[in-house]
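Encoded as structure tokens, here's the structure I'll be asking about.
We call the chains A, B, C and D, going by the order they appear; numbering starts again at 1 in every chain.
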Amino acid sequence: MAQAFTKTMARNIFYGGTLFFFLLFLALTFDSHGQFPSRDNRAALESPDLGPKIALGKKLWEENDCIGCHTLLGEGAYFAPELGNVYKRFGESKEAIMGFIKSRPKDGVPGRRSMPQFNFTDEELDALAEFLKYVSGINTSHWPPNVNG
Amino acid sequence: MKYKSQKVARLYFIAALVLFVAQILFGLIMGLQYVMGDFLFPYMPFNVARMVHTNALIVWLLMAFMGAAYYLVPEEAETELAMPWLATLMFWIFFLAAGATVAGYLLLSYSDLAKLTMNDMLPTMGREFLEQPTITKLGIVVVALAFLLNIGLTILKGRKTVINLVLLMGLTGLAVFFLFSFYNPTNVVLDKYYWWWVVHLWVEGVWELILGAILAFVLIKTTGVDREVIEKWLYIIIAMTLITGIIGTGHHYYWIGTPEYWQWWGSIFSAMEPIPFFMMTVFAFNMVNKRRRNHPNKAAMLWALGTAVMAFLGAGVWGFLHTLAPVNYYTHGSQITAAHGHMAFYGAYVMISLTIISYAMPMLMGRTAANSNRSQVREMWGFWLMTISIVFITLFLTGAGVLQAFLQRMGENPTPFMVVQDKIALFYWLREITGVVFLIGLIVYLSSFFVGRNEPEPEVAVAE
Amino acid sequence: MAESAVVEQNDKERRYPPGDLAIWIFILAELSVFAVFFAAYAFTRLNHVELFNEYQQHLDRRSALINTLALITSSYFVVRAVAAIKADNAKGCIRWLLAAIGMGFVFLVVKSMEYAHHFSLGVNLSTNTFYMFYLSLTFFHFMHVMMGMIILAAVAFKAKQGAYSATEHTGVETGASYWHMVDLVWLILFPLVYVMR
Amino acid sequence: MEKQQKFGLRPCTWVYLVLVGLTFVTFFIGQMGLSGLKVALAVLFIALLKGQLVGDFFMGLRRVKGLWRWPVFIWLFIPGTLITTAFYLAARAST
């Protein structure tokens, strides 16, 4: 197909098509922003009581690289359980989550995967649990399929 | 090699290969931790090994891309690099920053590293693939800007070819979308939404421009096919890539709190994403069949064709396997994702990096066009060992993933995560063994740089 | 006319469709996306027949009629533009192209009025599955109309500069092919979304 | 140019008039509120016919030989079949 298609036209399609679909992507992004408030559990974030706790919880989540073993809403590492729904899995109990994190043995469990002992303070534990509770309130279109994540 | 300043690429390529070794070693550690959970615990928890594994990959690919740019841009532009000294300086800054960051990961606890680097001032750490301390991220931006300046000026003062333009667009896009890594709101949905603007728009967007440009360059050089033909294919392929890939971002927006229409938009467009990869395969084989000369560097040709095939398999086929929302509902965040990730990254980006290294390294080492026959044969052994290993790693992880989805997410009595992990341990063992074969392949590959150095280049019959 | 003889010979035995083949690769990609979208609509409707039938009644079929006529007419004008340039009539070609763009504007205005009506009622992509499809399909198509108009305008501009003639008019055919594709998609979209129940 | 004019009109003009006519047919079917499988499929068939006319006469595919003769036909055929199937299943489920 020697001259059936030309470089100029291929170039025009590249520039035009890219611009076109990027604009479409921006339009959908704009619409998504309109929908986020009804799905992203904003009430918890904006509550003067919980908001700062969640923020601290997310900071701890990040500064201990929890995502390096766990998934959160399915994204992260696949070494340890999904935590987006851990609040539900642990019977909607913040105390259970805090207890679990707190009780990890320092030297691990022989022969098995185990979570490190992070020596969090009670305030930090509470913040982390509050963060995980907040995430469990996000509307994820019924994912994961069941409580096991 | 036509221009003296191209030589700076050698530094980048060598560093890239060093980091490649690190990546594989830490991959093996992780693989072992999957089946022997207490291995190196608590000195090196899994997340630390994983950070080194993934970050080393990203940095070495960036190094290889930069090296590729420093090599091919002057040759395409037919002029010396604008500022060779800046390229060397930036290399050392980048390499030392990467080294310091890895040392930080290994020697400090991650939270201490966060404190030390004052993450509080601009918290960006602790998100997958973007674990680097904020200061490292800023360093990457500086290096990227200096690099773009250098490359941009070179292109401006020289011949403007399509390959150079596409490469420059890809690299600019890479730098621009990286800026979204500095946006880190508390709102997890927003955080994730824009996190993908870095990750997806990199690997399924602008990086493919870089891939296309490098592949086109190597094909022009090794096949002698008319530039005009190769360039129009390049345009049409990258056009299809972005047409499908930009809205294809939607396949990450199914279950993270984003509106449900993304399930449709994402499924439909990402289902089209294999098309450009398929076109790339057709293109590469077509060009090689139409070649006007037989280049003495057979190994580079093998890598180029390998890239085209493996990128289609890894990114195209394995991506398609789980991209449709109803399937992804069961496979999201499972070992299927890991399987796809391994073959796609190897097939597309690792292989294109090794393609340009294979093509350019002989010249950078002072040879005319190719390594000796012995060295090339050794290199091809490395190619096959690594490529076949990655295929099996992918198959084993796919097996693990299918079982995981089945046991953990389907059926009447779904099984908890850790129980499932025990049940599929066999696949992890097989994966780890294959990983060792991959390492052997890598060693064989690296050894090819040291054999037959004083032997002559293979002679080739001139094709008509 | 000597030229028309050449043209006819070209027209009789073509291996490739009119215009640059690159645009046809693009057209095929676009058509595939729409095809999947149509099939998705039909099969999703299968599970929500009543919802789809109910909300279909909320659409303004009269606007859709006007729009269908606008696009068909516009497509026809583009056919005449190609015929004009094949007769070496660049002025006529430009006039037909401008008329086609004008019909495109009619489409955009009418469709925007429809959208304004829906938005004033608070309808959006997340309202329900029917509206998700209705808005996605029509808006995606809407953007194609805009894109097509830009392409036609570019072709008209180049024609004005004298870039095309009876012997060299691939550019006109390329733009025309794209525009017909936009029309073609709407011809299926209109009955599927507005009428079939 | 267009030699085979009939009643002084070009083929493309005839096609245009047919397209307009068929559009009104579809519209009135909608206005009359007709529903049911047969009506839906009739409407679909009209649409596919219109699509084929556009492909053949407007896009000029009728003059193309070989592979490229068929993209529009195939494009109409596959979604047409799928839509027919889906509407058939929907109608069967509701009775």
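Please note the rule applied: a contact is a pair of C-beta atoms (placed from the backbone, for glycine too) under 8 Å apart; a residue touches a chain by one contact, two chains touch by 3 or more.
Quantities reported herein were computed from a predicted structural model and do not represent experimental measurements.
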Q: Go ahead and name the chain pair joined by the largest number of contacting C-beta pairs.
A: A-B
Q. If you average the CA atoms of subunit A and of subunit D, how far apart do the two points sit, in angstrom?
A. 48
Q) Roughly how many whole angstrom separate the Cα centroids of subunit A and subunit C? A) 41
Q: Report the inter-chain centroid distance for subunit C and subunit D in whole angstrom, where each centroid is the mean of the CA atoms.
A: 15
Q: Check each residue of subunit A and list the ones that touch at least two other chains.
A: 5-6, 10, 13, 17, 20, 24, 31, 35
Q) What positions in subunit B touch 2 or more of the other chains? A) 232, 236, 239, 243, 259-261, 265
Q. What residues in subunit C touch two or more of the other chains?
A. 15-16, 22, 25-26, 32, 125-126
(Q) If we use the touch criterion from the header, which chain pairs count as touching? (A) A-B, A-C, B-C, C-D
Q) Where on subunit D does subunit C make contact in their complex? A) 1-2, 10, 12-13, 16, 19-20, 23-24, 26-27, 29-31, 35, 40, 43-44, 46-48, 50-51, 54-55, 57-61, 63-66, 68, 71-72, 75-76, 78-79, 82-83, 85-87, 89-90, 93-94
Q. Touching subunit B in the complex: which residues of subunit C?
A. 22, 25-26, 29, 32-33, 36-37, 40, 125-126, 132-133, 136
Q | Contacting residues of subunit B [partner subunit A, same complex] | A | 30, 33-34, 36-38, 41-42, 45-48, 50-51, 110-111, 114-115, 119-120, 123, 125-128, 131, 162, 184, 186-190, 192-193, 228, 231-233, 235-236, 238-239, 242-243, 246-247, 249-250, 253-263, 265, 329-330, 332-335, 337-338, 408-410, 414-418, 421
Q. What does subunit A use to touch subunit C in their complex?
A. 1, 4-6, 9-10, 13, 16-17, 20, 23-24, 27, 31, 34-35, 38
Q | Interface residues, subunit C side, partner subunit D - complex | A | 4, 7, 11-18, 24, 27-28, 31-32, 34-35, 38-39, 42-43, 45-46, 49, 53, 61, 64-65, 68-69, 72-73, 75-76, 78-80, 83, 86-87, 173, 176-177, 180-181, 183-184, 187-188, 190-192, 194-197
